[in-house]
Amino acid sequence: MTAREPGPIDADKLRDDFEILSRTVRDDRPLVYLDSGATSQKPRQVLDAERDFYERHNAAVHRGAHQLAEEATDHYESARATIASFIGGRSDEVVFTKNATEAINLVAYAMSNAATAGETYSRFRIGPGDEVLVTEMEHHANLVPWQELCRRTGATLRWFSVTEEGRLDLSNMDDLVNERTKIVALAHQSNVLGTVNPVRTVAARAHEFGALVLLDAAQSVPHVPVDVTELGADFLAFSGHKMLGPNGIGVLWGRPELLAAMPPFITGGSMIGTVYIDRATWADPPQRFEAGVPMAPQAVGLAAACDYLSAVGMANVRDHERALTEYALERLGALDGVRLLGPADGEARGGTFSFVVDDIHPHDVGQVLDDQGLAVRVGHHCAWPLHRRFEVVATTRASLYLYNTYADVDALAEGITEAQRFFGAVPVREKGR
Amino acid sequence: MRLDAMYQEIILDHYRNPHNKGLREPHDGEAHHVNPTCGDEVTLRVSLTPSGGDVIDGSATVRDVSYDSMGCSISQASASVLTDLLIGRSVDEGMRMLDAFTEMMHSKGEAEPDEDVLEDAVAFVGVSKYPARIKCALLAWMAWKDATVQSMQSVSNDSREGGDVPESAS
Amino acid sequence: MTAREPGPIDADKLRDDFEILSRTVRDDRPLVYLDSGATSQKPRQVLDAERDFYERHNAAVHRGAHQLAEEATDHYESARATIASFIGGRSDEVVFTKNATEAINLVAYAMSNAATAGETYSRFRIGPGDEVLVTEMEHHANLVPWQELCRRTGATLRWFSVTEEGRLDLSNMDDLVNERTKIVALAHQSNVLGTVNPVRTVAARAHEFGALVLLDAAQSVPHVPVDVTELGADFLAFSGHKMLGPNGIGVLWGRPELLAAMPPFITGGSMIGTVYIDRATWADPPQRFEAGVPMAPQAVGLAAACDYLSAVGMANVRDHERALTEYALERLGALDGVRLLGPADGEARGGTFSFVVDDIHPHDVGQVLDDQGLAVRVGHHCAWPLHRRFEVVATTRASLYLYNTYADVDALAEGITEAQRFFGAVPVREKGR
Amino acid sequence: MRLDAMYQEIILDHYRNPHNKGLREPHDGEAHHVNPTCGDEVTLRVSLTPSGGDVIDGSATVRDVSYDSMGCSISQASASVLTDLLIGRSVDEGMRMLDAFTEMMHSKGEAEPDEDVLEDAVAFVGVSKYPARIKCALLAWMAWKDATVQSMQSVSNDSREGGDVPESAS
């Protein structure tokens, strides 16, 4: 345990808003939740907002002339405005999807749909000879959809490598980004390494060649202030459930002129202009991309999550996690036989720590941690190619959020030591402490 | 501490000092299984001896089991315990053990496994409380089943054809 | 008001479970909710189940080794089992989507993806010369995705007509369903006419030619007992929000051998077998079709909705709505100047009533009803081609559910009369009463 | 009853007995607008007279407005009121009225509209409380704006070319 300066956030106080954080697991161990990279917990305020919608205003949005339908529509569109302004965007630039995965698939499918969607949508066409550029550190959600786009269209997939330190290898960027490049899809922050990527550098080069830039912001929007007007990206995708919001809602932000020039993905009700039995025309964005009765209660919940985060202050969230990250790097770095994937210093990295412990399988590490009440993730974290690059099958990952404390980091370090003791892997001591 | 109930001493012993690890010849069947949730794998070989004459059936004896594998403590220990238990038994006995083991693993820690049937494998009962780890314990057993089915076919064919044990099955 | 035998459901009592049904609208009018065809209201039990998941078991499903992740996975998969058995299916036949719209798009996109997905998936290939068959009464959700499939693949779209009585015109079925037909997509129950379609007749003919049959059950699963083993369909799509469940969750049921032979739609995490940087393989169904962190809380809520409906008894729900339907047909039929689209008798029809009032625009009718606290829907109800067929631009639609009462039907009839009085359209009297 | 606040007597009168309905000649511009939420439509024609000389600008007079339409009471009444108000005014005055009307319609029923500016069109203030109906009231006004812009272009061209009013613009 270490005595520390009080940070910008009083996490202990804030934890009162999260009912689940006071529960115990495994024979009355207090829960230490270090798996926010997978999904975050939700404060009472978010759950209340969603429930209030159901109990007072529930109706099908954009589809009725009665008072409930008006109220539901109003709540849904206000939620859109709140979420848009949370990332520095405008309402008409925000499309609701079910998660980040759907948001990315939306763009990938729109690009193959452009082949048959007529001249209006020719901006998005792609085919043999064209290139799609990703990185070796992508989450499967920002990799497999592009593999599939290439298979559907005959385009070629290329990728940035990752350095031993867990940074994007930009040394061959001039070759990788060229006049054949149609879209560059990359993570803002890696869900395994914590690395924050130099988005503006890559975007600037991509835009020289008229390529589109899609940012997988699933691990950045929840943790740092994000302003779409500053990033240089054309599209931004993220999920509600990783940022205190409900499951079942995600966001695709896009430049309005691009959204307007993009053919639809999922088709059905509410996204149409006119429909004849054999053909249809499309509504303007964002409706064009929101077929079916939308997840209005979830949108309202996500807006409440944005309000919660804004009240805490995203700069404070960032600073709090930075301080914890420095501390975690120090504590983990002091452990013998523990190898961290990703940057060892706090510069341009978030609070995500994936590691291997010598001679102990990550799943066994996770099991010992679980036994002590620590919730971490084990496996390839949906980034199998990245694990291959580091020649490991799996890692154990701890990921932090605004409700985590120094004590949580202490518990992690002690938990790893306990795993080593349990499996007799290394002498029970921390180096240099 | 629940951890001790899961990682019983027997399991940790086999994990630290696995028995019969390393692929051996001769073998009649071989199976390679991957645990899709973690990417871990096992390659397992079986060699059988007919109980009498040419007929190969459930009464055949498991002459040898060897394996190579990569994975967590549970999967390693399970493979090791399996070889100890099955080498020298009849195929029928082995299959009964497999059934009993599978049943125990799906019991969510509620089973009171029969030590007379499962012998050292009863040590894995604690693992069955952890859904994410059940596949770890079953991995080698599933591979043994496949390799044995294969072995029986290959030995029958050999018997019918009067040929030699093939260098590599599967 | 009419005195009636107590039916199989005590709707007045059951309404206590629905907080919103006791609210007032427009200057203290009690709410009369007649828009369940658009979306249903949710009982306390469903909202409690969802909240309990968030407050006690929330974690990313299928992705962690800690206790919360185990519990979350367990709840999610139990929910799948409950929902599967609600429609007479098995767990591995149930795929979760965000709504019925996505479920239908899933099959339509899988069919075009089959072109490049390799031999394993050739069963789903479709191209020029092949035919896709729909009906003139489809909701846009079960029409536009097929138009788009045809555009992507060069296949031809054909359709069943609708008779003046609002029934499917089967007179040319022998021509429409033929050896070129690859899939027949039709509504189980029309969201405009209430008509229940002769699914088994159509399916039998389709199967003679090896065509697939997809049933849009968005308006049937909520209202009548549905057993997938009896319908003869290969796929069934429906939404949670129309059956007392949360928004943001829908279901695609499919025959297991077909799901196994079907390439994926949305790709990303959790739906993969192995992933290399340039290619991937797929998990078995249902995971193959569930990319990303799933909507576990919503699945839990939908299972609670199924439990609620099962406790009431789906046969009772059906009988209750039948009785109300008979009564509504009688009351509406007695109004001068009111023309009902769809079957005038209760045989093979559900409790959905779309009508036009002579000389009053449907939107104005809706406005007067709204003013009296009645929530109905106005417009084309996402079935524009069907409205064209009846030569109307729009209709007013009232739709019933288990919590509606005879008094609600009375309020509707009186509301229409009031609209006529207000606009001076017809003499204020009901014919033949 | 809120209904009366929305459907004011003036609105119902115009709905029952619309003014200037039916397309007329001559016209300089025509616009066709559809309300996508309900499918209702209006076709509206405008004819202008330059205020003096050849120059066509905001000071031109709206000589005639006629229309054909299909829709709800609000959209019908709004088109009818519009023709009464705009025929005989200058284009500039009409555009100012349009702005004031649009602003009122987005006021959620909170506006206290200036009757000196909007005259009979103030009757629509109650409609602005109902989001789903705002487009109904605005439909004809948007069409008028488009048709007027078109008219100004077509009249200017004619003046420059010294030609006749074309039979059909747009």
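For clarity, chains are labelled A, B, C and D in written order, and residue numbers in each chain start from 1.
Following the convention adopted for this analysis, a contact is a pair of C-beta atoms (placed from the backbone, for glycine too) under 8 Å apart; a residue touches a chain by one contact, two chains touch by 3 or more.
Note that the coordinates shown come from a computational prediction; the quantities given were computed from them, not determined experimentally.
With contacts defined as at the top, give the pair, A-D or C-D, that has more of them.
Looking at A-D and C-D side by side, C-D shows more C-beta contacts.
Measuring from the mean C-alpha position of subunit B to the mean C-alpha position of subunit C, what distance in angstrom results?
Once rounded, the distance between the two centres reads 49 Å.
Roughly how far is subunit C from subunit D, centre to centre by C-alpha average, rounded to an integer in Å?
That pair's centroid distance is 41 Å.
Cα centroid separation between subunit A and subunit C, in whole Å?
Chain centres of subunit A and subunit C, defined by C-alpha means, are spaced 32 Å apart.
Residues touching two or more other chains, restricted to subunit A: which are they?
In subunit A, residues 26, 64-65, 69, 274, 363, 367, 378-379, 384 touch at least two other chains, as defined above.
So which bits of subunit D are touching at least two other chains?
39, 130, 132-133
Taking all chains into account, which pairs touch?
The set of touching chain pairs is A-B, A-C, A-D, B-C, C-D.
Enumerate the contact residues on subunit C facing subunit D in the complex.
The touching residues are 26-27, 361-364, 367-368, 371, 378-380, 384, 393-394, 422-424.
Quick one: which bits of subunit C touch subunit A in the complex? Just the residue numbers, please.
Where subunit C meets subunit A, its residues are 19-20, 23, 25-26, 31, 33, 35, 38-39, 41-42, 47, 51, 54-60, 63-69, 98-102, 104-105, 109, 113, 116-117, 136, 139-145, 147-148, 151-152, 157, 159, 239, 241, 246-249, 266-270, 272, 274-280, 291-298, 363, 366-367, 369-370, 374-379, 382, 384-385, 388.
Would you pull the subunit A residues touching subunit D in the complex into a rising list?
Residues 64-65, 69-70, 73-74, 273-274, 283 of subunit A touch subunit D in their complex.
Which subunit B residues qualify as touching subunit A in the complex?
The contact residues of subunit B facing subunit A are 1-3, 6-7, 12, 16, 37-40, 70-74, 130, 132-133, 136.
Going by the contact rule set out above, which residues of subunit B touch subunit C in the complex?
36, 39, 130-133
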